[in-house]
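Here come two complexes built around subunit A, the first alongside subunit B, the second alongside subunit C.
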Partner chain A sequence: MAAKKLNTKDKYRLLTRDLDWEFSYEDRKQAFPFEEFEGIKITDWSKWEDPFRLTMDTYWKYQAEKEKKLYAIFDAVAQNNGHTNISDPRYANALKLFLTGVSPLEYQAHQGFAHTGRQFGGVGARIACQMQSIDELRHVQTQVHAMSHYNKFFDGFQDWSHMHDRVWYLSVPKSFFDDARSAGPFEFLVAISFSFEYVLTNLLFVPFMSGAAYNGDMATVTFGFSAQSDEARHMTLGLEVIKFLLEQHEDNVPIVQEWIDKWFWRGTRLLTLVSMMMDYMLPNKVMSWKEAWEVYFEEAGGALFKDLARYGIRAPKYAETIEKEKEHVSHQAWWLFYSYGDATAFHTWIPSDEELDWLSEKYPDTFDKYYRPRWEMAKKMEAQGKRFYTKGLPQLCNCCQIPLMFTEMDNPTQLAYRDTVYKDERYHFCSDGCHDIFVAEPEKYVQSWLPVHQILQGNCGGPGLEDVLRDYYRMNVGADNLDMKGSPDEQRWNSWKGVA
Partner chain B sequence: MSKVYIALQDNDQSRYIVEAIEDDNPEVTVNYMPAMIRIECEGQLVVRRETVEDKLGRDWDIQELHLNLITLGGNVDEDDDRLSLSWNA
Partner chain C sequence: MSLKTLKPGYSGEVKDRLENFNGNQLVYVGWDHQLLFCAPFTLAVSPDIPFGQLRDQVMASVFSPHPEWTQINWDSAGWLLDGKAFVPQLDVSLQAQGIDHKSLLRFQTPELAGFMSAAV
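Our next item is the complex of A and B:
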């Protein structure tokens, strides 16, 4: 008779908890030196719950199946000239931003979870972090493989990891993860597992990937949803982390609340890039940024914080500002990138008339009043042969590193500026949120590597902007940057399609 | 009551899982979007192994859900026979 199959609960106990050991001749505190300095109090690691009770054998089995499905699609895309089936060549620029801005974060997450998992005394937490660390490595690898096909046919994909470390707008995602990884292990989990994975990554991997499908990009939607199938597990881990920390000790509540306030704001700022990908860079539109925000942030996040209220946790700070921003950020961001389009490693463009009408319809309270006139002006200038590029380098926020381009939300024609003086130096911020984060940990943020400051200090080559772009950023100047109109990408596309 | 939700890749296996979810949770709303299916309802949503097996006509492990899962919202409770999503408030 065959041995009786273990049920999931018993299997999980045997293959996780039972793998732990007691420290008989070493000091436990020395084995886990980072566990206490953040002030978090853990009284009983055995209360850690993994609702999916995934064990390593099952993990490998399902991950292998996901990979087989995924690589079958990649092969099909490559064999069938998948790059010619996308809706519009402009779409490829969203992928360039994804590869240079997002995929390296997957690698950062891989490293972050490997490190963090090592620091926890509880075996359940260690195993969950180990699996997530391997997931994240899979994500960066599959993304690079998917994009390698586009790299053969479009500009701007060639030096993504080098660019991630240097290019001005890519310091926004890079510094976000640097900030999380240089925090303690519990803050890292609240930052990444909870704030980022539970609420914010949905906005990138769900509506944007659905948009990739709608724009004919079979490879991206497939890696996106394959990655997201791991994310569902990460999200659940994020929620369990929060519940665990709050249930362990009441002293943990104010610490966790402060991290939630910080990381929801940091994440909201980071997603500015995604907002313009959704509203401006997807030629076929699935839903507006505002609609996605309402479903995944307001509705899903609202339900989450209602659930957590019983622990004494409230919704993140600046929620009122965040609610107003959904009407504005995508427009302010795309205008910024359009006007700095000579210094971006992807192409920018004026939305078509049809797209402007769609934006008017989706943003009835703000688009016609504040943003459409700018595009009408840009159209006129372009028609006169004077495509507009901003001269000069922007002031960056000393926290999120986005140029100071956001406006006051109650007065959308007034740029928002905040500043503070620390040890006789003045620091500038885009918002109250970023200002407050700096003020809470100034010694951390005075060390920020701000790309514009570095250029002005002569640390990025030069002296001209083009020297920096070509030699320091390794852009193919004249091919990777500038407007979509007249670009080599556009010319190649037209030749594939037989358009003169 | 807050809404719980689950989103699955729109493929041949998910079709049967969605049918099973609709049978077991008659109050759900099913939204079809490009490449994905989003299912939501107030309070609680349950995926039952037995119902999915009936629809698929074969054995199905509740953890196989991970192959087609895109995202979910709510507290997860899973055992060998079911996965449930719920909010406490």
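Our next item is the complex of A and C:
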């Protein structure tokens, strides 16, 4: 007599690999039309090792248990006025950046994995992508719920998905994911699962979640814990993807290397936003961006690429440039946002004297020499009643879409410029890394939707900057933007705390 | 390497063609070793304006908040047009002296060291 309950091994086999079927009257190649055009050769899908080792019913059970705990904490945060327990009202601006810049990427990842999972002939890869797709949907939902409490008390949270699609600096994360999702399925996995989730995710997740813990934000910390086991699975998938592709065929090696080079560079450019969040936006600092980069990329990533050397994979191109940039990018980025603070949907500010000293201590080779003078100048201007806002629109990189604010690492007061001419049209970049990505696939990046150019073409309303901000970006001008000092956020906080 | 696509013959729409700017062209302008302005500017101007108008009106509108802007000695300032040394002619139109759509102009003022001599 058959057992009433399947043992784990059988259940796993039946609910994963056994979900596939043979194609008796349809051409398998036509069923998976995206599988070959990238040049990746798969000889045996059965060699795919399931990284998740989960069946769907177990998955639902785990996730449901986590949700119950998570929403109980959200309720408690709301009932106990959790927004008044954060370290300082400036902290809320890190959350605004997260909600508008990162949460929509979770949704993009959900869509990307759903699409990609459909395209693989191997059932193991399909199921892994399906589960990650559902994880990502859960992440965007729980993040929105975690932050909805703050939306009731702070400005700038109200229109995050609309803003993600339109606001100038949010085109940086948006275009990153658009690029990955419009690539083939294998490139998508190398881009998102490996380069982003495996190599760089700790540099995104740890700063935000530890930042939340250090700054009294229980809702976000709890979300972080709830997502942690998912992230661990995503990282495992990233590593499996790479090993599987490299072991399947030697012709895959140069293709994968090119993707690693590209996506490592795109990922580090994207993380520029995180660097300034760590060094400037967290009132209680966790560690400096430079320290985070050393721990999570140089040490962990160094060991990884040593391990991958046996497949013929080397460390990503321009890793040595990034190693030098860790001393500079956060300062350059916060200056960018400070000086364009009339066009941001979060508040900006001059660091306090204690914070300036902390930055000097953490960046002894660069801060006092290159960056402190800017803040001294800003302080002087503010004291004269002329808080500094840059007039005029910046030049953007045609690849990463960040303004050309990065400097030459051997000449740190000189902005870096790179360009190329393609079909009689000139294109500009912030770096060799972004230049090379364009040159490899120009037909893709001639289509970049550069926010500054779109404004100047008249596609974003106007004519004035304030019209664009109010009508096209849907910012509450005068409340969402401008300096922290004198903002409605600050006034409300002071009234909660009984400060005049 | 070119873009790998499902079907041959793929080409992308060039988003920033000159025709899309309603009669204007783009010129990017950066002040070398000057970092109060975090990045170069994107300026939309008519290709027919003389260089003097670009410098004294359009550029001034964005660069003049810098206290050293009025101290610039234009006789000794150096220029680069798309990476090559360039001597602008004030009365000649942009178009006629080779400043075309999406050209990059950089200028240098080595005698001005910026706030606290820190290139700010």
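General remarks:
In this section, the second predicted complex is superposed on the first by the 487 of 500 C-alpha atoms of A that agree within 3 Å, B and C clash if a C-alpha of one lies under 4 Å from a C-alpha of the other, contacts with A are read in each partner's own complex, and residues count from 1 in each chain.
Criterion: a residue touches a chain if its C-beta (ideal position, glycine included) is under 8 Å from a C-beta of that chain, and two chains touch if they have at least 3 such contacts.
Remember, it's a predicted structure, so these values are computed and weren't measured experimentally.
Contact with neither subunit B nor subunit C is seen for A:152 once the two complexes are overlaid on the shared chain.
In the superposed model, A:221 makes contact with subunit B only, not with subunit C.
With both complexes superposed, C is the one of subunit B and subunit C in contact with more subunit A residues. Of the two partner chains, subunit C is the only one touched by A:391; subunit B is not. Residue contacts after overlaying the shared chain place A:497 against neither subunit B nor subunit C. By the touch criterion stated above, A:4 is placed in contact with neither subunit B nor subunit C. In the superposed model, A:444 lies in contact with subunit C only, and not with subunit B. Of the two partner chains placed around the shared chain by superposition, subunit C is the only one that A:34 touches, whereas subunit B remains out of contact.
The residues of subunit A shared by its contacts with subunit B and with subunit C come to none at all.
Partner subunit A is touched in their complex by these residues of subunit B: 2-5, 7, 9, 33-36, 63-64, 66-80, 87-89.
Against subunit A, in their complex, subunit C makes its touches with residues 1-6, 10-17, 20-22, 24, 26, 28, 30, 32-33, 35-44, 61-62, 65, 82-83, 101-104, 106, 114-116, 118-120. Those residues of subunit A that touch subunit B in the shared complex are 7-9, 51-54, 58, 62, 65-66, 69, 202, 205-206, 209-211, 213-214, 221, 225, 228-229, 231-233, 235-236, 239, 286, 299-300, 302-304, 306-307, 309-310. Here subunit A touches subunit C in the complex through residues 33-34, 37-39, 184, 258, 332, 335-336, 339-340, 369-370, 373-374, 376-377, 388, 390-396, 403-405, 407, 413-415, 417, 419, 423, 425-428, 440-450, 452-453, 456-458, going by the rule given at the top.
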